[in-house]
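Below you'll find a set of structures to go through.
Across the two complexes that follow, chain A remains constant while its partner is chain B and subsequently chain C.
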Partner chain A sequence: MKSMALFSPRQKIVLILISAFYAISTDNPHLMGGYFIFMVALFLTAGVDSRKKRVWLAAVVLTLWGTIFSQSLFYAKMPRTILFSLINKDTPFVGAFTGGLNFYKEGIEYGFIQAMRFGITLTCGLLVCFTTESKDILRAAIRLKLPYSLSFMVSIGLRFIPLIVAETKTVVSAQRMRGFSPMRSGLIKPIKTARTVLLPILVNSIRRSSMLSLSVESRHFGRKQAFYLPREKKENIFINTALFCLGLLIITMGIIKAFYFLYLSSFFYLPELRIIYSLAEKYI
Partner chain B sequence: MIKRTSIIFLVLFLCLSTKAFPDAGISDDYLIRFELPFGIGSNQTVLGKGSYVNALFSVESFVHKKEDIKVDIILPEGLKAIAPQEVIADSGEIQAEFTLRTENDIWYRLVQLYVQPDTLEGKYDISYQLTFGGKVYKKTVSCWIASQDYIKESIHLLRFSVPADKEGNPDLKRQENTFVIKEANSRLLNSFNIKKSAHDAELIAVELENTGKFPVTLSLDYVIYDKNTGRPIEWLANLRDEQGFDVPGIYTQIFLKPNQKDVTMLRIASQDISMMQGDYKQKLSIGVFAAEGAFITEERPLRVEELNTTIALSAILSVVISLLGIVGMLVFRSALFGGLTSREYILIGLYAAIAFSLVSIPTTIIYNIFHALLGPFSFLVTGIFSEMIFYLLLISLIVLLPRRGVILCFIFAKFLLGAVILGKITALSIIWYPMRAVMLEAALFISGLYEKDFLPLDVSGHRKKTRIPKSKMLWVAFVFGITDAFLAFISLNITMFFYRLFYAGWYIWAYVLISGFLYTFIVVPMGIHLGQRLKKVAVD
Partner chain C sequence: MIHFKNVFYSYPTRDAPTINGITLDIERGDFVLVSGPTGCGKTTLVKMLNGIIPHLSKGKFSGELTILGRDVCSSSMEELTEEVGLIFQSPDDQIISNTVEEEIAFGLENLGFNSQQITQRVDWALKKTNIVNLKERDTKELSGGQKQRVVIASQIAMQPKILVFDEPLSQLDPKGAKEVMECIVELNKEGITIIIIEHRVSDIARYVNKALLLNNGRIAYYGDTKQSFRRALSIYKRLGIQIPEEVELSLGLGIKEITFSYEKLKSTFENKRQKQHLRLCEKQFQASTTRSASHKKIVSLQEVDFEYVKGKPVLEGLTLDFYEGQNVALMGANGSGKSTLISLIAGINKLSKGIVELDGQELNSIKYKQRTSLVGMLIQNPDLMLFCETVEKELLFGPEHKKIKRSEAISRMKDVLENLGLSKHKDDAPFALSVGQRLRTALGAVLTLQPSVLLLDEPTTGQNQENIVKVMKTLKELSFIKSIIFCTHDIYTAMYYADRIIVLNSGQVVFDGESKNIFNDPDLMKKNSLSVPAPVRLSKDCGCQKTFLTAEELIKSF
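Take a look at the complex of A and B:
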């Protein structure tokens, strides 16, 4: 059975939100790693095709590596061991400006742990994106009280993205035939060229907006909020309960973390909260 | 080095008033001081059998006349003078003759003594005599001798509290074995060499007890080590150099009478703390003053937490602005969106779709690749999509629809497209997008781009259908550049706060200036041009 088949689009949005906040509320590598593995398991059992799995894998690996790379360079905790120097601090100008740029051994591990935060949100986001139709997510967002005007704009955007992509390809092909090559000549030239690429696409959009507005207004749009939302399937009560518990857990973790931060920074201390401080330090 | 610092210390010592040394002998015209061991000041201590100690004997003149002086020091059995040879009459007696020529002239000698191992434990008297101008001045000082084992057994470390409060109790308000430093390694403020601390000082309390029958002066040495190298951390070593000591660490003395316990505070002034956050080792060593080696050592881990207020305030500020943005959008919904026509909604939706197709998707793909290749410097390339094309579209849209609420709609629509199509919903984006919308709406208001009088009037009082003047264009570019620089700064800081990432101060500046200000400043005039060209199409 496909794991995500149990989730309704609304539950999927809630899952993304929970994952997003979970990713930032813990510092415990085990909790983070555990949740990441849970997400990966959900992804692998969701019945996503192999091409999408490769896309996900590439995205996760690149994100992990990118974070490890940056954190190995900027790791600012002790102890730290220099593996090699990219810029020596004695190098004229750059060395003095940067104070040296070294690759730190401890930064690799630290970067990996922090990259799991991105891994969680990325995996969850792609999981929902690969297993749900965009329009279903939008309907779920409307059910979650997304302002109607915003949902209308998003619907228009969703409807026209394929058309815009096709138009962009056509314009870029035409530009290429005229010798366009982005990134060829400095910073300004590609932007100037981009402007010429954008112009026909934007002109079409303006014309399209005029026609569309005539069309929607002739259907009484804007006078009364009348739109059809198909009846949603009954949601799985167990998933709802699990999401509720998970949400509650994350709110609790967030509150504990906030108290711990205030304690650590000497802003607020209550002897009665020592157990919470200890909990935050050891487990969260 | 040792000799030089000893001499400096000695001279400073001799410059102190007699009040600092109540045991110093004072004749009418001369101040005589006998310190055993040297450096102990007014304290007293037991001497360990088999140990070497330095004693200081000095005479300072208070009279403006030349005087020949003779000194005799008679040592008790068990104490033997070793050096300098010039003053040793025999091992049990020290004699010296010298001349003090004028007021404040000082004569002093450091005499090395040896405590013989077979000496009986107990109190001993050392008598000394000063003869000058036919007068004789006599005095006796006491010392105690005990075996080193006895001294060790009688001293107990009762408590070593890190951090401690001002009363010397463990500071329960703070985490044990933890220092909290603020901006000690600030990514931003370090660029200006500004360092502050969360507390005036970090206090360490050491409680010791002397259960023996002799008074004892102990030396306490507190050192912080690098966990990896085992070497004392640099700033402490520097601190120590300034004080003229050779051992890197915080040092103090404690005097304990028989059967007394006392708390000593070690204080590290916050302005002196210059260490990076992380894990260290701290070591407390206690030994008898002037004797070699410590007999009590305690080693513990030390954690240094950095309270980076820049990051924390950025996070708080962004959350507040985002909340204001969301609440404002809900409360003033009709004022913001009510005036928009269906054509304008559609146009914003289409612009959001273009932004999503030409900014979000390429940025997502390119960012991952360049982030892997260039690491943190990927913004130099990805900024072209995420910043330049985005602002090109945004500014042209504003020129087309110069109204409040347009930016808000555009940014929210783009965010929702990303959320719906790519599942890009993170805690950061939930904070970031509303804040960005609010800040850019504010920038739009300040730049005056949607004001009616933005285009100059002609002589007949009609709005000129000409291009926006360069000065106004530059003003808009500057306002949006500054706003985006601020947003870039906040963005990096909240990333550091929520994702616990590190970035160097220079990197933040480079990112803010290039990706934040420069890219935006360059592209805003282009966006205005583009918008003006599109306006012709819209009018047609």
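Take a look at the complex of A and C:
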């Protein structure tokens, strides 16, 4: 049984919203790591094909590595504990010039939390994109009372993701045929050469979107709105209950966190809420 | 029904008007073919018909344009789109739904129809476009011709009185093009006015009653289609527009009224032969090539397997050799494996099994930078190859990355600019050029690397006859190219520029031989969606000793 087959498009959108809220409102590395593992488990059991899994893996690994690496090097808050030094500040010339380049323990922890935020949202977003048809997302978004134009734009954007991925591959291949390998040679070169890859894709996307908008305009887009074939599948009661509980839990966590921040910023304090402050500090 | 009176239109970025004083009337039920060279104003003209111009454009519009009595300037786009449906060349850029019926229903949903009305209209549109069997199919799984008919169905479901097509056939194989044309003809018979822009004049001219020929934003000819080929033949030729073989045959055989009827052409041809005791010259048809084929293998594929999705092979056990001095056309219906085959030769896709050799070396053992002098490839959408600020930089990009001496790179760049007629555009941004110029720029970027084997993936798609001839002629004359391998649906391009044709069907070679022999098996042609030109049919059916590819050859042979 594929895990995401249990979810209706509407439930998937709710899952995205819950995950996004969770990622923003939590600072506990254990809770973040746990939720990330839960999302990865959902992804791996969703029946996504291996090509898409590779795309996800590349995106997640790059994001996690980049975030943790950069935060551990450039963590500025105090106190901070040096784990090891890349460049000691006593090193002649470079040391004085850079002021030393160190990996900080707190930076790694902070980077890990930030990386989990990205990892959770990225995994959840790609999971929904890979397992849901764009028109189903549109329908579900409308049912969730999101504005029609916005929902339509999102669903069309999602529809064109595979095309853009295919075009990126074509552009890179065509450039290799001209002796240029924009995606090779480590991690820095792709950033430097991104323009050469992105420009043709961007120009082509603009051409395509203008064509699409003309086509949609010529079919009276946005004038009125009826729904044909409202065949959204019957929602699984277990998933609904689970999402409800998860949503409730996260809202509760959000409220606790909010009280904690009000206390920290000296805006609002109640001695009766000390247990909540303690809970927030230790666990959320 | 549609009335243009002294209409001018200039884009905000251009000084010269793109539409330059057009006055014409299109009547109810007309079927109008709009043709002309690239940049002559065809697309601009049709954009006026549903109000995209002037309503969504910031350019300067003047003159009088009325559609079904409504003034375009004072009517809203909503009012105009109710009457005029617009269909573009790429169905993939227009389809937004998962299933066929949802796609057709989209416009009706926007018009606020209820579910029952939508169902009725969807069924009606499916029937009219002959795709009832596709109703519940996933739009991504359809062929090009089927997708284009879905797009047409989604427009006619709203029951417009005018349908405007902008190159609807350009991305389709002959089978898909035929399906779409049959559908459009049926709609015209129902009373819908059709306006169609297309470079493939040969595929359409027989169906249309009016021809509109544009040049530099002005009308070069407007009137009866058949008359247009008599009165404006020299203009068609001057503008590099394809003349249908049937027209050339009619004129060459001295038929009073131009006919597209094969039977009439055949009977006239036979009469003429008998009456005048014509003796067909013995000259064999020869592919127009300057290369002399040798027996040295330049590309070799041995037992090649390839699959995009596990368990669904696109090519299986394919063994093929390509020789120096040989130009090869790869033909076959969409999805037959043509593009996959050349992508494997280029090393873009990795083989599932087998060996590809380039000039005696196994492809995988050759580094990318070394490959560039062995093999170059022009991909199907040349726009994806352009990313530099100017044409000059685009052409220099490859040699610079290959670390070719600056002086040598510049010399190559200048030669290519000259050969491809791009010298005056060398400082222009590639994206700002016309379709044909962009194709030539992308090709130029490959040619400055001077590859021995040139791979072209459907180089004729969306190009007019003049561009095709220009490009192919240039390639023939380049001495560093030892072999050209190209995919095409265009039998004329294959016959003119290839010595050898390979026809693929579901990843298997079903024909591999000299170009002139391809017409020996009518069944093969039919099964693989290949069209047989009228002169070829005539020479076969009338028992000529030789096969004449073009009307010109056939007429000249008397």
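Here, the second predicted complex is superposed on the first by the 173 of 284 C-alpha atoms of A that agree within 3 Å, B and C clash if a C-alpha of one lies under 4 Å from a C-alpha of the other, contacts with A are read in each partner's own complex, and residues count from 1 in each chain.
Please note the rule applied: contacts are C-beta pairs under 8 Å (C-beta built on N, C-alpha and C of every residue); 3 or more make two chains touch, one makes a residue touch a chain.
Quick caveat: nothing in here was measured; it's all calculated off a predicted structure.
Once the two complexes are overlaid on the shared chain, A:A76 sits against chain B while remaining clear of chain C.
In the superposed pair of complexes, A:V165 makes contact with chain B only, with no contact to chain C. In the superposed pair of complexes, A:L144 makes contact with neither chain B nor chain C. In the superposed pair of complexes, A:L6 makes contact with neither chain B nor chain C. Of the two partner chains placed by the overlay, only chain B lies in contact with A:S266; chain C stays clear of it.
Of the two partner chains placed by the overlay, only chain B lies in contact with A:G99; chain C stays clear of it. Touch criterion not met for A:C245: it reaches neither chain B nor chain C. Shared-chain residue A:R178: touches chain C; no touch with chain B. Chain A is touched at more residues by one of its partners, and among chain B and chain C that partner is B. Once the two complexes are laid over each other on the shared chain, residue contacts for A:A258 go to neither chain B nor chain C.
Residue overlap on chain A between its contacts with chain B in one complex and with chain C in the other: 134, 156, 195, 199, 201, 203, 207-208, 212, 216-217, 221-222. Across the complex, chain A meets chain C through its residues 49, 133-136, 156, 159, 163, 167, 170-171, 173-181, 195-197, 199-201, 203-204, 207-208, 211-212, 214-229. Those residues of chain C that touch chain A in the shared complex are 50, 52, 56, 77-78, 81-82, 84-86, 88, 90, 92-94, 96-98, 101-102, 105-115, 118-119, 122, 151, 154-155, 158, 309, 343, 346, 348, 368-369, 371-372, 375-377, 379, 381, 383-387, 397-398, 401-402, 431, 445-446, 449.
Only residues 172-175, 178, 180, 185, 187, 198-199, 226-229, 275-280, 304-305, 307, 312, 329-330, 333, 337, 340-354, 356-358, 368-369, 371-372, 375-376, 378, 384, 388-389, 392-393, 396, 400, 409, 412-413, 416-417, 419-428, 430, 498-504, 506-507, 522-523, 526, 529-530, 533-534, 537-538 of chain B touch chain A when the two sit together in their complex. Listed in rising order, the residues of chain A touching chain B in the complex are 13, 16-17, 20-21, 23-24, 27, 58-59, 62-63, 65-67, 69-71, 73-81, 97-99, 107, 114, 117-118, 121, 124-129, 134, 137-138, 141, 146-147, 149-158, 160-161, 164-165, 168, 187-188, 190-192, 194-195, 198-199, 201-203, 205-210, 212-213, 216-217, 221-222, 263-266, 269, 271, 274, 277, 281.
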